[in-house]
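Here subunit A shows up in two complexes: once beside subunit B, once beside subunit C.
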Partner chain A sequence: MKNWQKYLGLIISLLAVTLLAVWPLITSKPVDREVAFTILKGIALASSLNIILGYTGYVSFGHIVYFGLGGYIGFYLISQQGWSIYPSMLAGGLIAGLFAFLLGKAILRLRGAYFALATIGVNMAVLSFISNFDLLGGPIGMTLNFNIYKEYGGAAQALQLIFYLMVAITLITIIVSYLVRTSKFGLGLLAIREDEDAAEVMGVVAPNLKTWAYVLSAIFPGVIGVLFFFKNGSIEPHPAFPLHTSIELIVMVMLGGQGTVFGPILGAAAYQRMRGLLLTTPIFKNIQLSVAGVLLLIIVLFIPAGVVGWIRNRFPITRRVLQ
Partner chain B sequence: MTILLQVEGLTKKFGGLTALSDVTFDLPEGQIMGLIGPNGAGKTTLFNVVNGVYPATKGKVIFKGKDVTNVKTYEMAQLGLARTHQIVKPLNELSVLDNVIVGACFGRQGFGLGKATPIAEEVLEFVDLADRSDQLASSLNIAQKKRLEMARALAAQPHLILMDEVLAGLNQSEITEMVETVRKIRDQGITIIMIEHVMEAVMKVSDHMIVLNFGAQIAEGTPEVIQSNPAVIEAYLGDPKLAQKLMQKAME
Partner chain C sequence: MKRTLFTILTLLLAASFLLGACQTGTEPEVAEEAKPDEVTLVIGFTSSITGKYETSSGRQVRGFNLWMDQVNDAGGITLSDGTVVKLEVATYDDESNTDRIQELYTRLATEDNADLLISPYSSGLTAAASIIAEQNGKVMITTGAAADSNYQQGYTLVFQIYTPASRYLTGAVDLLASVGPEVTKVAFVYEDTKFSTGVVEAAKAYAEGMGYEVVLYEGYAADTSDFGPFINKIVDSGAEAILGGGHFQDGSTFARQLHEKGVDTNLFALLVAPPEPDFADLGEAALGVIGPSQWEPLAAYTPESAEVAGVEWFGPSSDDFVTAYTGAYDGEEPSYHSAGGYAAGVVLQNAVLTADSTDPVAIKAALDAMDLMIFFGNIKFDTSEENHGLQIGHSMIYIQWQEGEDGLSKQVVWPKAGATSDAIYPIP
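Let's look at the complex of A and B:
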């Protein structure tokens, strides 16, 4: 196979994201940029979740905890310690990763529904802790002084910068997802997903591989959390740890195709667009979450492999292109 | 002749049930050892304790001169012990080739992906699954899945393979083929312990045999010795002298 063909799966994924990033620059409408930002955020979060959910087969139901935790750490550093956005993003990601490492050592021993329940419990526990922790603002959270955006050339420029950073994070997430998928490490994860006991008998050191997959899948949500709340200008416990967003992320991954690189991109883009349309339609605007639930049900019942998985199974020739 | 595996006084209890009691044997390198016994005798439990799935209650397992009692399964695999399962465990949503690559990548040799692929292809050729390598493992039939188990074990290039009923559920011609494959594996210098219920086949292929009944080792020796051992016949068929004893009792 020619060299570039080997990377076709990655190229297509990156191209899709780049197109999405360029679209608001062409139309140069702030509204389009906001829509693109939301979709990119969905893609990056879903792609990170896919590493533990799709590749390793562990349903991390409360995965949004890393988004909130990273967000809080970064927000604290920016607003109280006067850090710039870049080191704060790094710190948010690293602390989310460290937390996942310690937590993973404990809860990754659980399998199936027990693991999923434990992750929900963790999200709830962190939410309650933060709500009662005065250093991070307790129940009312923290707000940014708007002067802070001056450092970046004013609020408008800051928004533009945040958008570019989001594009960069999304691209990096996808590259990491691709590298994991095509590496020996990734093959070990897939083996764990299919049959953890059989994998261990073949020599896969499941406890370590699972932990690293979990850490990787937590770092990016941590970074994105910092960026998102920096843009938001304020942070509060409940918007930082929304369990329903966790569920929506699972819907995105399942819809596109769990365990594939392109699946979460497609799933996130489709779901975010649908959500946008539902929210602006009078009949659906209050029940858009129920639609997500029904969608998940339909996927699980009829196309458990997701759209990309279904196409790959149906037309084996596409396997080289769709990864 | 070097001893590859030594099992000393191995005992496994599940609560009040003694699944294995005081099993002791030495396995020389390059041999095929047959492990037989009625259902529930503890044969698979012995495999599970040797390869670290269950911790031993008492006793020792020594592999290549190293005490490996209660070592984790993945460490055993890396030391060069591979195994096939009685109830096949294919990685369903992965291709047949990828299944074997997992064995090559994470087993004794720990190959990288690039090196593992040609080895996996070679092994698939050997077990006669090469034309299925792109299919999903779930699409194979039972005989093919058993061969896939074998291929995964072989791809690691292990010192010892534990084979758990690789002949069960196969028809006569498939059994003949599989026995041939087992012999070829031994000829490559890999030591084998096989649990088997197909007596004719296991007697033919084994260099040495061990018989378990209710977790205890009731006989040991060459296939000829085992065949005529009264304790073995009793374990399988009941007491051969039972009728005579009952008659005697009635006469008195």
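Let's look at the complex of A and C:
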């Protein structure tokens, strides 16, 4: 096999995201940039979740907690401490990762439904804490002065910059996801997913591997949270920790194919695009939730391995290119 | 079987992408080609067709649509040069969440070519939409967005119809001072959300400034259904008046449980819930409860009161609005959310007439200079750099549920100038 062919799975994934990023640049339409931003956000969040859900087999129902937590930390640093977006993104991601590390040590001892329930509890607990923590605005939250965008050349430039940063984060998330998938570390995670006890017998240090997988899957949502709320101009407790978004992320991963690199990309792009189209298409916009629900029901019932998983099983030759 | 279904699914997904590719030209179609002396003004907004704001947002949109239909049915807005301005709407469902609000407002501003924007319902959604309005140079009238903070962010094109949250409950403190000068201890028990906390923080500072001792200041979660612990704390604190609440569900439960426990209080004022007609379902528990309202059918804003206040009167009377609304929506009684939506339209109409143009710069100038009375009350915007667009003309009115000949009914008890009845004090 030629050297580049070994990386075909990564190349295809990066190419897909790059095409999505270039699309608004070609059309030069702000609305296309906004649509692409929403899709990229979904891809990056779903790919992050895939590390713990798809590779390790731990269903994190409250994964959005890292998005909200990172968003809050970054927003605080930008709006109250006058930091620039770049170090704030870094801080948001690192704090989310640190929190996941400490938390992972405790809750990753749980398995199956107990772990899923614990993650929901964590989301609720952090939501309640933030609602009562005056430094981060308590129940009122925080708002950003419009003039802050002038530092980035005005609101239009700032929105464009946020889009480029989102593209970069998405590409990095996918590269990390690919590296995990193809590394010895990733192999250990897959072993844990298949049978944790057997994996430990074979020498996999499950607690450590799970914790690092959990940390990796938390860092990127933290960074994306900073970007999203900086763009949004305000942050409040309930919109920062929306449980329904956690569930949507799981759907995106399942739809595309859990445990694959390309699956969450396809799943998130299809899901976000479908929801966006249903919302704005005249014949569907009043019944968009019903139509989306029916489609998802069909997917979960008939192709539980997801689209990429189904293609890989059905056409073994594609396993080389669809990872 | 699985294969067929998969094929169908793949086709559906492919179709959705194709639809997207074709969809770039789906801006609202103008029904017929505009005549030379007729222009179409596209007004864009999102509404919460689904999600937690569905009820309030729905009423707001019904109010706005009624105004638009009336204007179009009457032949549009005629400018001095004979140009007729017809109205058209572009709207999407925001699902009551912030995920796509900026995407949708960008679509409204750039693809649907909306000339003017109306805010979504709620302060949180409006904060996200305001950035897009400002960035695209579109005037946005906000209704259903009371938080003060949104108008302190340096925007120049965002104008608020509602009385800001910081003045929601201050009138209740004035009322208390007027009817119960002997009261010294007050309790604030409120829902710990952005809106309610903002309201109560301002009211607490106002009450303390007037010399009241705040003996209890406690928030409760939005889904609280057992107010027993809070009621016990109120009793222990020795509070003589209770202010607070949040939204309809929690507010009505709070009122019912306070009544069931037989707590003796002189004045009980709650946010949002009391002005809703359904609050009467509480029966005796509703009696004496006071609530701030942006507007009530009883509100005495008339051309005569405008003359007394020395400001211009514009638009229909409250009675005309109520008759038209109930007629258009199968007898549905308008709430202040409905009136807010209609008022946003009336304000826009006045701004277009004053500007004598559909040019956004001229409309913004007209809004900046506006000092008007409409059926909703006074409308005047702060034009300072720090608080641009903040509503400074409009005031809350306070209703109280009182026993009438036909059972419980709402009466306006404050401000005194617009009162339809004296306040019942203390609560029996």
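Everything below uses one rule, namely that the second predicted complex is superposed on the first by the 303 of 323 C-alpha atoms of A that agree within 3 Å, B and C clash if a C-alpha of one lies under 4 Å from a C-alpha of the other, contacts with A are read in each partner's own complex, and residues count from 1 in each chain.
By our rule, a contact is a pair of C-beta atoms (placed from the backbone, for glycine too) under 8 Å apart; a residue touches a chain by one contact, two chains touch by 3 or more.
Since the model is a prediction, treat every value here as computed from it, not as a measurement.
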| task | Could you say whether A:G276 touches subunit B, subunit C, both of them, or neither, answering first, second, both or neither? | result | second
| task | State whether subunit B or subunit C is in contact with more residues of subunit A in the superposed arrangement. | result | C
| subunit B versus subunit C as contact partner of A:T318, first or second or both or neither | neither
| said: So in the superposed three-chain picture, is A:G188 touching just subunit B, just subunit C, both, or none of them (first/second/both/neither)? | reply: first
| request: Using the touch definition from the top, say if A:I303 reaches subunit B (first), subunit C (second), both or neither. | output: second
| message | Is A:A206 touching anything from subunit B or subunit C once the two structures are fitted on A? First, second, both or neither. | response | first
| task | Please indicate which partner A:D197 is in contact with in the superposed arrangement: first for subunit B, second for subunit C, both, or neither. | result | first
| request: Based on the superposed arrangement, let me know which partner A:T245 touches: subunit B (first), subunit C (second), both, or neither? | output: second
| request: With the two complexes superposed on chain A, say which partner A:S84 touches: subunit B (first), subunit C (second), both, or neither. | output: neither
| field | Contact footprint of subunit A on subunit B as seen in their complex | value | 51, 53, 72-74, 77-78, 82-83, 85, 89-94, 98, 101-103, 105-108, 110, 112-113, 134, 152, 156
| remark: In the complex, subunit A touches subunit B at residues 183-184, 187-188, 190-191, 193-195, 197-206, 259, 316
| task | Sort out for me which residues of subunit A touch subunit C in the complex. | result | 27, 29-31, 33-35, 37-38, 128, 131-132, 138-141, 143-147, 149, 154-156, 159, 231-234, 236, 238-239, 242, 245, 270, 273-274, 276-277, 279-282, 285-286, 288-289, 295, 298-299, 302-303, 307, 310
| subunit C residues within the subunit A interface of the complex | 2, 5-6, 9-10, 12-13, 16-17, 19-20, 23-24, 26, 49-50, 92-93, 95, 97-100, 102-104, 106-107, 109-111, 124, 127-128, 130-131, 134-136, 147, 149-150, 152-155, 192-194, 196-198, 201, 219, 221-222
